[in-house]
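Sharing a structure with you now.
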């Protein structure tokens, strides 16, 4: 029989310059089936085919910089075809501005310090994900960190805006903490995955002076 | 005699939307004296008069949103006049972003909690001053809290950045603490007044289990 | 640090401060426009297929705005500043009408009415700032007049409810998109002009 209708499952831009869409094929109806991704852009009649089926792996289409426009709605469909016929997915509307999901922050450092009046505190620093061009101002990232004592249940989440460092004064003396950071574009898009877990042992004398 | 020269003593914006200036009259030279606040904007010849002498009380001028610009430096003078003559204050230059002093934080809550391993800690939460539009990002506030045992001398001050909550672990069992919070714009401007004093009694079994 | 150490002689807000404030204000305007658009969309546009009709109808679509990073970086900063100024000018009049006409929408929630007024005011404020910045960067003259005429007032006053709601939807969709462009271009300009592309 003809192949089942494929489904476009996700489109993502990791750095607001390129983007990739993935689809999930339906059943192939017992025949070799191939898939074609077609798209049109708002305000244009012209229909284009996926520029690159390879770079992002199977059942995907990668749009490089040249093929990526912002503030423009893409109307994307995937057609499954075998010798018995073909079937088209539902259209998937994408404005790349809204599908930016960065990679996690990198180069995270944790350091225990003592302030002028001997008060101990923890300094966390990190860098934006390498792919993200924050230097030019094209992409502006906001960060959020979470931490909890190793055996604790509840994460404490702290939004730190666009800073890439944070000072923590009130931590539980003698505890071993897990720390993670993630980031998001400043207006639209979604949070990155959390960075890998990092650990820091708070010394028992990490006491606020009596 | 003509009145003495008035002095512009302070200009303040509570929420980076409007601002008010106050002046201190000199002696009135024995005659009924009135005061006129005049201002010009950087790069403009035009001179304007105070738009509202009433809203902020005596010897003041209130600039509502319509009369408040963030793109220019105000050159402000106050002239005291009586039947014998007049006298002009020294010019006072105002860049509204630099005179932002928010109101104190509100809705402060103090709560004693026990963590998973029965270790007690104090959770403080608060809200930004109602006038301040922090949600849209036009005004970003940073907070600092201070606490000390009721009979203690020295305040312990903790800067908590943009957070509106804080956990305190190492507090003295059996002590009654005073807690206050204040806030400041993240760039220019000055600290608000401290919030009213709040008290919290740390129970004697608030021992940090070693 | 006294504001004007040597009196009023060349005492002015620096270009860096002007751009920093413009970026903050543009960020705030877009935040408000996002909230307003999503709230209006939730309340009045669900399932009515407005998006497909709205996309090609923005009155500013004639303005040649960059659609990716390379295009934006290739434009000379004076032209990009002028473009931002032109976009803000093109929205000044429509936003005035939006703030008044939105009152006539049946059961329009207070939050939408407040945001419409706030957006109009902040956009005007940002326009004032941009005229100052462009004047400063182009040493005095305010550049060739980029402007896109808006003729949407009659559609906001239509008797037919569906058409009128669509007219509001399209306006909010277009402003939501354009305010994000302004926000993004200003962040680029600030990093380019003040931080030598090293924000």
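The letters A, B and C name the chains in turn, as written, and every chain counts its residues from 1.
By definition in this document, contacts are C-beta pairs under 8 Å (C-beta built on N, C-alpha and C of every residue); 3 or more make two chains touch, one makes a residue touch a chain.
Keep in mind that this is a model prediction, so the values were computed, not measured.
J.: Which of line, ring, star, complete and other names the graph you get from chains that touch?
T.: Shape = complete; every chain linked to every other.
J.: Which one of the chains is farthest from subunit B, going by Cα centres?
T.: Chain centre farthest from subunit B's centre: A.
J.: Which chain is the middle one, judged by CA centres?
T.: Of all chains shown, the one whose C-alpha centre lies nearest the global C-alpha mean is C.
J.: Between subunit A and subunit B, two copies of one chain sequence, what rotation angle (nearest 5 degrees) aligns their Cα atoms?
T.: Between subunit A and subunit B the superposing rotation measures out at 155 degrees.
J.: From the mean C-alpha coordinate of subunit A to that of subunit C, what's the distance rounded to whole Å?
T.: 28
J.: Averaging over Cα atoms per chain, report the distance between subunit B and subunit C in Å.
T.: 31
J.: Using mean C-alpha positions as chain centres, tell me how far subunit A is from subunit B in Å, no decimals.
T.: Roughly 39 Å, centre to centre.
J.: What positions in subunit A touch 2 or more of the other chains?
T.: Residues of subunit A touching two or more partner chains: there are none.
J.: Could you pull out the residues of subunit C that touch at least 2 other chains?
T.: 27, 31
J.: So in the complex, the part of subunit B that touches subunit A is made up of which residues?
T.: Contacts found on subunit B: 115-117, 119, 121, 140, 156, 158-163, 166-172, 208, 210.
J.: For a test of understanding, state which residues of subunit C touch subunit A in their complex under the given definition.
T.: Of all residues in subunit C, those touching subunit A are 27, 30-31, 34, 51, 55-56, 61, 65, 67-70, 72-73, 177, 180-181, 183-184, 187-192, 197-199.
J.: Contact residues on subunit C for subunit B in the complex?
T.: 2-4, 7-8, 11-13, 17-18, 20-21, 24-25, 27-28, 31-32, 121-122, 125, 128-129, 132
J.: In their complex, what parts of subunit B are in touch with subunit C?
T.: Per the stated touch rule, the residues are 42-43, 65, 69-73, 75, 91, 93-95, 97-98, 133, 135-138, 187.
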